[in-house]
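In the two assemblies presented below, chain A is common to both, partnered first by chain B and then by chain C.
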Partner chain A sequence: MIYPILRRLGQMLFVMFGISVIVFLIFFATPGADPAARIAGRNAAPEVLEAVRHSFGFDRPLYVQYALMMKKIFITGDLTSFVNRGWKVVPAVLDSIPITLSLVFGAAVLWVVFSIIIGVAAAATRNSWLDRLLMALGLLGISMPVYWLGEVMNLITQSRYHDTWLFSWVPPLGYKNFSDDPKGWFLTLVIPWITLAILYIGIYGRVLRAAIIESMQEDYIRTARAKGLSETRILLRHALRTSLIAFVTLFGLDFGALVGGSALLTEVVFGLQGIGKLTYDALQSLDLPMIMATVMYASMFVVIANAVVDFVYILLDPRVKTS
Partner chain B sequence: MAALAIFLLIVFACLSAPLYARWAGVDPFLSTLDAVITIDGQDVPVMEQSTEGLGLGYTPLGPTWRLGNYFLGADNQGRDVMARMLYGGLNSLLISSAATVLTLILGTAAGLIAGYFGGVTDTVLSRFLDILWAFPIYLLAISLSIVTIAEGISIGPITIESGSLWLPVIIIGIVYVPYVARPIRGQVLALRNSEFVMAAINLGVPGPRILWRDILPNITTTLIVFVPLMMALNMLTESALSFLSIGVQPPDASWGTIIQDGQALLYTRPLVALAPGIAIAVSVMALNVFGDGLRDALDPRSKVRLGRD
Partner chain C sequence: MMLSVRDLKVSFRTDDGLVRAIDGVSFDLEEGEILGVVGESGSGKTVSLLAVMGLITDPNAVIEGSIRYKGRELVGLPARELRRLRGNEIAMIFQDPMTALTPVYTIGWQIAEQIQAHQRLSRSAALDRVEELLAEVNFPNPREAMSRYPHQLSGGMRQRAVIAMALSCNPALLVADEPTTALDVTVQAGILDLVRKLRATHNSAVVFITHDMGVVSELADRVMVMYAGRIVERGSRSELFNDPSHPYTRALLGSIPPLTGDKPRRLPAIPGSPPSLLRLPKGCAFGPRCPARYEPCDAGKPDLAGGSHAAACFRVAQA
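Entry: the complex of A and B
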């Protein structure tokens, strides 16, 4: 059992290294313009350009530049923005992480609970109108751009129906710290959680339904039926249980990817100052050091999250242990 | 089939964008803050001056529901939203289909080479694809966009100006390569060890010929199944990048940029943001339904699943 874990750990380190090299090459070696000019931002003064060249070591070989970049991002953390002169970007990124995690964890709870309910309901009532309706809604959830859905949510809860009993509790956009105001924290995040979860409820509901229907063809289900177990028990205790294995693997992949993707867009729409909003603001001002830091931290987090899910999987699944 | 019909309808509507603009007599790229249009014999300014506060704010015209006459109203530059929707849709469709072609070409090439030649080639290519696969799509796309957006890119003799539609095409085309290359590699690996390929190799048929004549025809079904699903995914990605202002650049439009324009007007003129979102959702849903149908018809056993991002 220790061998697969070590193997996965090695793979994780390799991927982390690979991603950092790709990020480095994109930011420092893309042809077309002087990388120092890109990093310094629009219309930078010559002395700023010179400072950038010096601090990133543009006069030195590529591997030294790589080492300097990694040191600035992960070790000393003294990467500074040139657009917002002297602003240290790494502490800003670290401060924004709890906000992004609050958003993603809450959404994950919602999407797991609701997609299991929907997947089971659809599989149990297979080919009925309910199944068709749920699957069509799931497909709609997948097809809507998440940031647009967020705007629709804002339009409904902040403007058009804000004064009705249904949405009068929705606080203005923004984020409240959990430690300062737990109730405010919860209330500001409810709508973003729902928005983000809708996309994934669609995907997972559909996948789970397919997995349950497939496992209903298996021999052990026939055995369970032969034993005289009730259909509900077969569905919940036998079919759902095996189907959840596929669900868990998928969850690991998506949970990580969510941090670097849809969560970013959701934060922008709801004005949550997480890592996504930080990236968005930096994109508007072409602040490359900030993007470098957010991309690097977010993708490292994603890689680690994927590996952790795999570790759990190795611990849970007896087949991996013996192989 | 109904899904395909709906999608084609959207395509034709967008293709008619220049005709619509000429017929309506509007320029969807020119800001017209002082234009006045006539509705029911009354002159209505496109940008209505606010009566509140200092009177400096302007509210764009709401939807008139008259085709050819600011059907969906105006945006904050006084431009006809309907005309921009059609032009934007054209860009969204062009970018997502061009990116699909690019992904399929690159992904198939990588998958064929890795799967067929094996050995060191396969190891290097596969590890590289693993890294790309683990790199979150949007983060990779953001990194690629931000370095190319201001100055464009030039590789050897090829120079792509900033603001060119090719930039989003290339970026979206690259980020999804592992999604195609990995399943293709698996299939090629299986075909490589099948009897008819073994026979061809033993007969001394050259490698490129085997790839072209024996292996490629056997993976075309998979490639065809990829097309609509990939397009749906690309359309969402393009709109998201444009929404983040790193996709299509102004004055060009795409559905994503129009949603971004509409964000500032969300509470006063919600339709500017709502309409392009509905267009995206309908197109993507039509593509997904069509893609699912196509897969069930052509390749029922396949486990191809896109839509993880």
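Entry: the complex of A and C
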């Protein structure tokens, strides 16, 4: 048990190191990428450039700059933004994590529950009108752009129908801390959760339906029938259970990516200052320290998510352990 | 009579037209009797017994005829009733033990699942029963085997686990679909012993499907030879092996069956291949490959004629 965890940890460090070096080199060492020029602004006088270079430490060798930056992220935690001097990057990232986690976690609960219900219902009634309807709805969910959907949701719940009984409970956009105001936290997130989950419900529902139908062709399903089990039990305990293996893999990857920042669009439409929004803003202003910090964070999460998936995989599929 | 199948017909609607996989099969089975079913691939052995089990789930299948188990008609029986028989009174063992068990559950769990589907037993009582069953099928360490996953067992062990599962509710009828084909010869012998023991201890009737004439000659009381969805010959083991009358059976046994000494162990290759069910010859389905074919053979399909030893062949009927 200890060894795989250590190996994962090593893997994580290695991935983070690799990514940090690449990101660092892109911003510091690619030709024409002079961070001092960017900070000093266009047409800055050479003396100003020189001063900026010195004050940000750009006149030191690259590896020293890299080492300093890493030290400031991971050890002292006092890396500051190049764009807003004095703005501490690490606390900003740490503050945005609970927001993103709240958003993604809630959406994930919705999408797992609903996609399982939809996938199982569609597979159980394969080729019936219900199956077709569910799959068509799934396709619709997949094809609606999240940003657009979010805007429509806002239009409906914040302005058009906000004053009706249906949506009067929807608070204004923004995030409320769970510890300060649990009810507010929940209410502000309901619409973002639904918006983010719809796409994934569509994808996962369709994937699960296909996987269950495929499992139903397996020999062991015939054995289960020969045992005299009920169709419901065969569907849930045998076909669904074996289909969950593929489902979990997909889930881990998507969850990791979302927590790592790809819930960006949802965060932007709903005014949530999450990690995606932070990365987005940092990229807009080419704020290297912030980019570095968010990228480190994101890669960490992707690796952790992968590790969790592998672990759940072992729980779900006994064949993995020995091979 | 324990099982009585009359004029069973199974057809599948396919894109190329209706495929009649089983065309008028009738047979009887007594308690404690072992019936061997032989025939080339595609002759309808599996489909006919899946029909008996009510396990043809293809929505394009059409099943006609009558299947009576202990006097009860199974064709058209509601799914609930059928489920109560399946796995309980009638059990089935499939060809490939590698894929016959759900990969994510332990052997013990899967056997207990079947027991609990039919008997009101606590989990621990069911598990005790599983241990007994595994011991009965010669697992050296049943307790330990119960917690194994299918992939952790060898092919022979898996097949024995599948057999233990099939036996878990003391079935009166066991259908074994080529249970030894995927296993090597030494393991095969053990499985055959188990089937014999089962008959001896539980007085179960067994339908044993196989490609292997050697297995039939060792195990079966009676034999049924199938070709293109029909029974071409049936009779007791000695009738069939010592006095095969249908040209197809003769071909299976080698042209001159030895009266004494070693019996051929495997189906010898017969020149030509079985006809496509979509383009059956107008007359006898075996005609194109039959060395004894003559004019009447192209006119119509020969019926199964004779008493306990019967064959479907114009030559035999004429003789």
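Note that the second predicted complex is superposed on the first by the 267 of 323 C-alpha atoms of A that agree within 3 Å, B and C clash if a C-alpha of one lies under 4 Å from a C-alpha of the other, contacts with A are read in each partner's own complex, and residues count from 1 in each chain.
Everything below uses one rule, namely that a contact is a pair of C-beta atoms (placed from the backbone, for glycine too) under 8 Å apart; a residue touches a chain by one contact, two chains touch by 3 or more.
Computed from a prediction, not measured in an experiment: that's the story for all the values here.
When both complexes are overlaid on chain A, chain B and chain C end up sitting side by side without clashing. In the superposed model, A:E151 makes contact with chain B only, not with chain C. Touch criterion not met for A:H54: it reaches neither chain B nor chain C. Contacts of A:K183 after superposition: neither chain B nor chain C is touched.
Contacts of A:R7 after superposition: neither chain B nor chain C is touched.
Counting the residues of chain A that each partner touches, chain B and chain C differ, and the larger count belongs to B. Once chain A of one complex is fitted onto chain A of the other, the partner contacts of A:K71 are absent, as it touches neither chain B nor chain C.
Of the two partner chains, neither chain B nor chain C is touched by A:R132. In the superposed three-chain arrangement, the CA centre of chain A forms the vertex of an angle with the CA centres of chain B and chain C, and that angle is 90 degrees when rounded to a multiple of 10.
In the superposition on chain A, contact of A:K227 is made with chain C only, not with chain B.
Of all C-alpha pairs spanning chain B and chain C in the superposed arrangement, the closest lie 17 Å apart. Taken in their complex, chain C has these residues touching chain A: 53, 55, 57, 79, 83-88, 91-92, 94, 96, 99-104, 106, 113-114, 117-118, 149, 151-152, 162, 165. Residues 127-128, 130-132, 134-140, 142-155, 159, 232, 236, 239-240, 243-246, 256, 259, 262-263, 266-267, 270, 273-274, 276-277, 280-282, 284-285, 288-289, 305, 307-309 of chain B are the ones that touch chain A when the two sit in their complex. Chain A meets chain C in the complex at residues 218-220, 222-231, 233, 237-238, 241-242, 245, 316-319, 322. By the touch criterion stated above, chain A contacts chain B in their complex at residues 11, 14-15, 18-19, 22-23, 26-27, 30-33, 35, 37-38, 42, 139-140, 142-149, 151-152, 154-155, 158-160, 203, 207, 250, 253-254, 256-257, 259-262, 264-265, 268-269, 279-280, 283-284, 286, 288, 291, 295, 298-299, 302-303, 306.
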